[in-house]
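Okay, so chain A shows up in both of these, paired with chain B first and chain C after.
On to the complex of A and B.
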């Protein structure tokens, strides 16, 4: 982290500036909440005006109208729409998402089981994307327009265009069907009860190799391209020439001046990428039948499990808001000049 | 000296290839039109009743083919673009466009054609199947109407065909016996077309193999290109209209609406929209129009941002202010003063958006929420192939490859346009 000092991570002792930052944070917080509220309202309306009645999946009114009423009541689908909306918002404010129609347990419990996996999975992939993108671009930029640079840059463009779900299915074909190296689906093998901790860990890792590759390779290309272009841009700036003329070594220039300047704009891209990664994880989870939020959401949508849909969307919204906020905070910490601008 | 092919030459080569490989079909189509025009004069109401989507499809593609050949032979020389060297991107784009326009001429199969599953299912690429031709009692009286209908049934392929049988092998005798995947079937001799005293047997080659229902993958790929391009164009158009108008009015008015819309697009840009797309399509049913609408409505945000920020900076420019003071209406301000100014970033954005939409459509089809089973789509082909992964790799490879090439072409086209107009940025 030492090269960030070059940008000037000044001391946060200026009280008026702190106040300003706190103010912008508060503003950002309540607008985010407002957006989340609007999102939930929109979702509620969408679910209520959509054709079809989820209670029909469990009971037919022809069998017993009284029982149907009971089922509807237990699904909180009875009464007028404004009344439903009121209870919906009140429950949401209390943090109560209701009971999932399919699993018959509180939505929070269902999400609790799926959320850690998705967060772990996305962060792992995100980490791999950033690190390999960074390493590759550093490797390529050592000699701009050299052979390595040309090869990596040329391959990064097609790699970005590979549709991840087609690639995922094809990876299963090669590595699971033909070579039989990695398992094709699920998170654990059948007989993991007797395994020791280490063996379980290896088992997890083996199951995660193909999904992580599927989820990551597009992002590696994105980060590589972005970083590479930035680095090249900074390389061509006059101040680099000036430093060189003053006798700084290439290594020092790269480490202290070029990287900090090139990395800075990457962080906001990274924030957005991480948010979008939750959506990308959806398809990957479906391909490899992994027990994460994406598959849970798709299943909930397809089976019209309204409380679960709302719960999943709420959690996804919170995650997105948090990641963007994190990205902006990091960016503001690195460069004070833009602190006010981006936090708005 | 290295001499590369010009774009115009490439197009003409493709047209020549099409004519050489499909000359009989093209001749038949021309003759069909000749008969149709005759029919129009003799019995107009019958002629009008014969019009179907496929008929118009054939008509449009053959007219376009003729027009394209004439244009590129005569006038194509004058356009600078067609004289430039061919590169990978433009080759893929030209191929896609020709798939889109000339699909019925490129393949002479119906994308849903399936018959004799036990013989034709899951065939690897370049496999040939023997075809036994049956003796259909198609009466021909020499009447124009009958001739027309006969010819039409031979040109416009249905998803079924009663006049052929796919077989593994055959043994002639008193009664004909043919074998289909282990089963043997007896057939009366007079039902089969004979040639030189042996039953007429031809072979049909499936270039890219067949899927689990014995349908030709090549044909489905070509028609799938149509769906992809159609969905892409439709939803990009919706995004364009929404982004342009909302962006213009938000940037121009700069009031409460501007703030609200800006906040909303911020949220939508960060949120994985695929959740909403899946939700809306799952709740309201999936069909071609609904997929186009939903994808169009979920893609206007980045365009909105571009247009809005450009309009805000444009608003105080002299030419814009004077145009407003003259008294131009808002629509005219948008179309005549703003649009030419922001054309390049908008077009670049649209091209990238187009790639995103095609990918999203394929992903939706993969999840079973695409344009429905009535149209072949690359995503749904991949989805079907996943179930037959151990037996038929070609079911995934070819649609995946087609999708990849399309996305790659769209991406590099967008990059090329942007670096062409902003050479300093991406030098």
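On to the complex of A and C.
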């Protein structure tokens, strides 16, 4: 009887815990929406008050003053600021960002072109950053203060300090101009129409080698530094000595106890890093002529393409929120104490 | 441990795979020419081809009634047949009869006819469409909204013979009918109000020397020579690729590697490196763009508030403006920044316009002492000997605005600041974000600035120097001169090119004596190209003008 009661209480606890988890995520969803709403409102105000005229680039000596006026009028929103804001929010709720001034097609269609590349490029770079950072730190931490540890730790700081424009130009100079191994820019060659799928894939990969290295350069150093310091910190904890005293092998200690304890702070950093990457990697995209969100956003800002600026910011905002949410979920899955912390 | 090693060696394996698949060498291919452009075009629709690149590409895709080529000997343009194989002007030039080619087909197989021509004039001039040419059909019969009156204007005697009637008095030219003709059967299916946003709905059905092969947004735009086109000659360029290369240095690297064949806007600093490269050539387009120091001839505050034209207290006096011109060492800027790739300017007409250029005028030399004397005559003196000129208690000090991120403007502004400060004029340099700078400049809110203009071909200077500031949007200095207005009106209606050229010479004389702005220099637009390109001719009309005649080694 007591057994059945215990089972019943356990089920009840599970149900209430699920409810709590659901509530927590619902709350998290609402706060995310609020953050997004505030971001859009702030952006709307900022764009309205910022100086600059989107119609200026269409003015040329060949245009009549009358056409210039018409072009200007077509770019300005009618009505008072509150009325403009109301229309803006209502359109946003419907997913309508308007027509891009520059591309003269709906903003969503412009973003559709750049977003898949940015997601693929970011994930690839992110994967390389995480894996390389992890492998390097594992390699270094095996013998703390050993030669490898010293060399890797000392080089990580200069690597982190090298700006991506310098790294990109350097890589182009060595691998493209001097050694002629990789193409210096673009995403594909011009003759890919006749290529087989595998040839297309190799061509695509060749074009991405230098940009991915450029984009990942700093990130590898960041992840390495974080993980290395955390691993070192956990290694020095008393429970590790206890485990050793109890006869656990170094491999077991590392895999089952040190890595899970050291990896949590890294996941938070990874969430932020991935969010930033999704926002676009402007410098890398410019140097290597890549069609990503970074170039699109900055071009939109410089040409005062307000609907496109708003669309790009909205997408970047959503991706940052989602990546951070994913990071929190992964953390909670790895460490139940965090799930409880979230629930409490 | 084995798994760890495998993981560690995985990147190496991947790199080796990539390397094994790498194809060394340039992307050179017979018949293909790759040109770098800094940003992607926004539209292939000739109605809205606002930028230079859009204009160039739409003219390669869509043929015009006539075509123009720069004639270096006479310093003007020659007109050649294109869609119109011949023409006849009537006695008083009030109408032209065009005999159209009957062997032109659109890329979808439809026959090109006079209906396409009439339809194009109709759409380009329609106020609902807001095309790039709207408002420019001044020599045609139009309604009050500048929409061409089709009944009065066009008489189609057959599908290939079309007469165009012009308004009485004005002087129509071939430029009035030189624009890309659009296919009626494609464009008529789209609501005219929606044309501006219907980029995706409009298929590029073309009849020009090239057809669209591929457009990878923000990557490349590939045009293929249309072998059925009447402009096609066997052995000429078969593929023209516009590759988007936003980074200048990356462009230079690709040029040297042979990944691209042509690049515009080469910096003067790179001239020696490129000219020393055996595989590369360098050409210059002269006399199209000039830099100037703008002096606001109006009081900007009063103009902003009331739109009244009141002379500026500093720059309203022509003698003061002349003194400023004398005080600026333009040779120094030209020599030090542009490595002498250009020439000192004294007016808005360059020497490439051979018949319109006034050879009797020469740039004012750098004479700071004469400038000081002129300023003293105008009442600007350093009365209290504190190093700054004053008049009626007011110091000669102003803000010189420049657009940020432009090293040439920054260098020029610094030279101007140093030169004028030596005379006792206080200058504060203000760097503005480019969009803010141009907005303020067009609103005539700046005191003084450094900027540049491209001179239109054919010469049309009314929008730059006419006193009515509503009609002259480029008269940002607010220059006022009735004699100039009379000249500009006469030029506008004059049918005779000799008369026009003489009027332009007089216009230069007025500008030379009045110095509404200080003309700094005409800068050469440098173009680097791979020597495998044959028949390349770089004219003031642009490098891609008639590029279907190019070929490769």
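Just so we're on the same page, the second predicted complex is superposed on the first by the 301 of 344 C-alpha atoms of A that agree within 3 Å, B and C clash if a C-alpha of one lies under 4 Å from a C-alpha of the other, contacts with A are read in each partner's own complex, and residues count from 1 in each chain.
One rule holds in what follows: a contact is a pair of C-beta atoms (placed from the backbone, for glycine too) under 8 Å apart; a residue touches a chain by one contact, two chains touch by 3 or more.
This one's a predicted model, so the numbers in the text were calculated from it and none came from an experiment.
A.B. asks: Which partner, chain B or chain C, touches the larger number of chain A residues?
C.D. replies: Comparing chain B with chain C, the partner touching more chain A residues is C.
A.B. asks: One more residue to check, A:158. First (chain B), second (chain C), both or neither?
C.D. replies: first
A.B. asks: Counting only touches as set out at the top, which of chain B and chain C does A:288 meet: first, second, both, neither?
C.D. replies: second
A.B. asks: Considering only touches as defined above, state whether A:210 meets chain B (first), chain C (second), both or neither.
C.D. replies: Neither partner.
A.B. asks: Quick check for you: in the superposed arrangement, does A:99 touch first (chain B), second (chain C), both or neither?
C.D. replies: Touch partner of A:99: chain C, not chain B.
A.B. asks: Taking the superposition on A as described, I'd like to know which of chain B and chain C A:324 touches: first, second, both or neither.
C.D. replies: In the superposed model, A:324 contacts chain B only, not chain C.
A.B. asks: Figure out whether A:109 sits in contact with chain B (first) or chain C (second), or with both, or with neither.
C.D. replies: The second partner, chain C, only.
A.B. asks: Counting only touches as set out at the top, which of chain B and chain C does A:202 meet: first, second, both, neither?
C.D. replies: second
A.B. asks: Of the two partner chains, chain B (first) and chain C (second), which one does A:298 touch, if any: first, second, both, or neither?
C.D. replies: After superposition on chain A, A:298 lies in contact with chain B alone.
A.B. asks: Contact-wise, after the overlay, does A:188 reach chain B, chain C, both or neither (first, second, both, neither)?
C.D. replies: second
A.B. asks: Under the contact definition given at the top, report the residues of chain A touching chain B in one complex and chain C in the other.
C.D. replies: Residues common to the chain A contacts of chain C and of chain B are 51-52, 169, 172-173, 177, 286-287, 302, 304, listed in rising order.
A.B. asks: What does chain A use to touch chain C in their complex?
C.D. replies: 51-53, 56-68, 70-71, 74, 99, 102-105, 109, 113-114, 128, 131-132, 135, 169, 172-173, 176-177, 180-191, 193, 199, 202-203, 205-206, 209, 286-291, 295-296, 299, 302, 304
A.B. asks: In their complex, what parts of chain C are in touch with chain A?
C.D. replies: Chain C residues touching chain A: 7-8, 11, 15, 17-19, 21-22, 24-25, 27, 29, 32, 34, 39, 42-43, 48, 50-51, 127, 130, 132-136, 146, 196-197, 199-200, 214, 216-220, 222, 241, 243-247, 249-250, 253-254, 256-257, 259, 433-436, 438-439, 442, 453-454, 456, 460, 463-464, 470-471, 473-474.
A.B. asks: Sort out for me which residues of chain A touch chain B in the complex.
C.D. replies: Per the touch definition, chain A meets chain B at residues 31, 35, 38-39, 43, 46-47, 50-52, 157-158, 160-163, 165-167, 169-170, 172-173, 177, 229, 271-272, 275-276, 278-280, 282-283, 286-287, 297-298, 301-302, 304, 309, 312-313, 316-317, 320-321, 324.
A.B. asks: For the complex, give me every residue of chain B touching chain A.
C.D. replies: Residues 263-264, 266-267, 269-275, 278-280, 282-285, 355, 359, 362-363, 366-367, 379, 382, 385-386, 389-390, 393, 396-397, 399-400, 403-404, 407-408, 411-412, 426.
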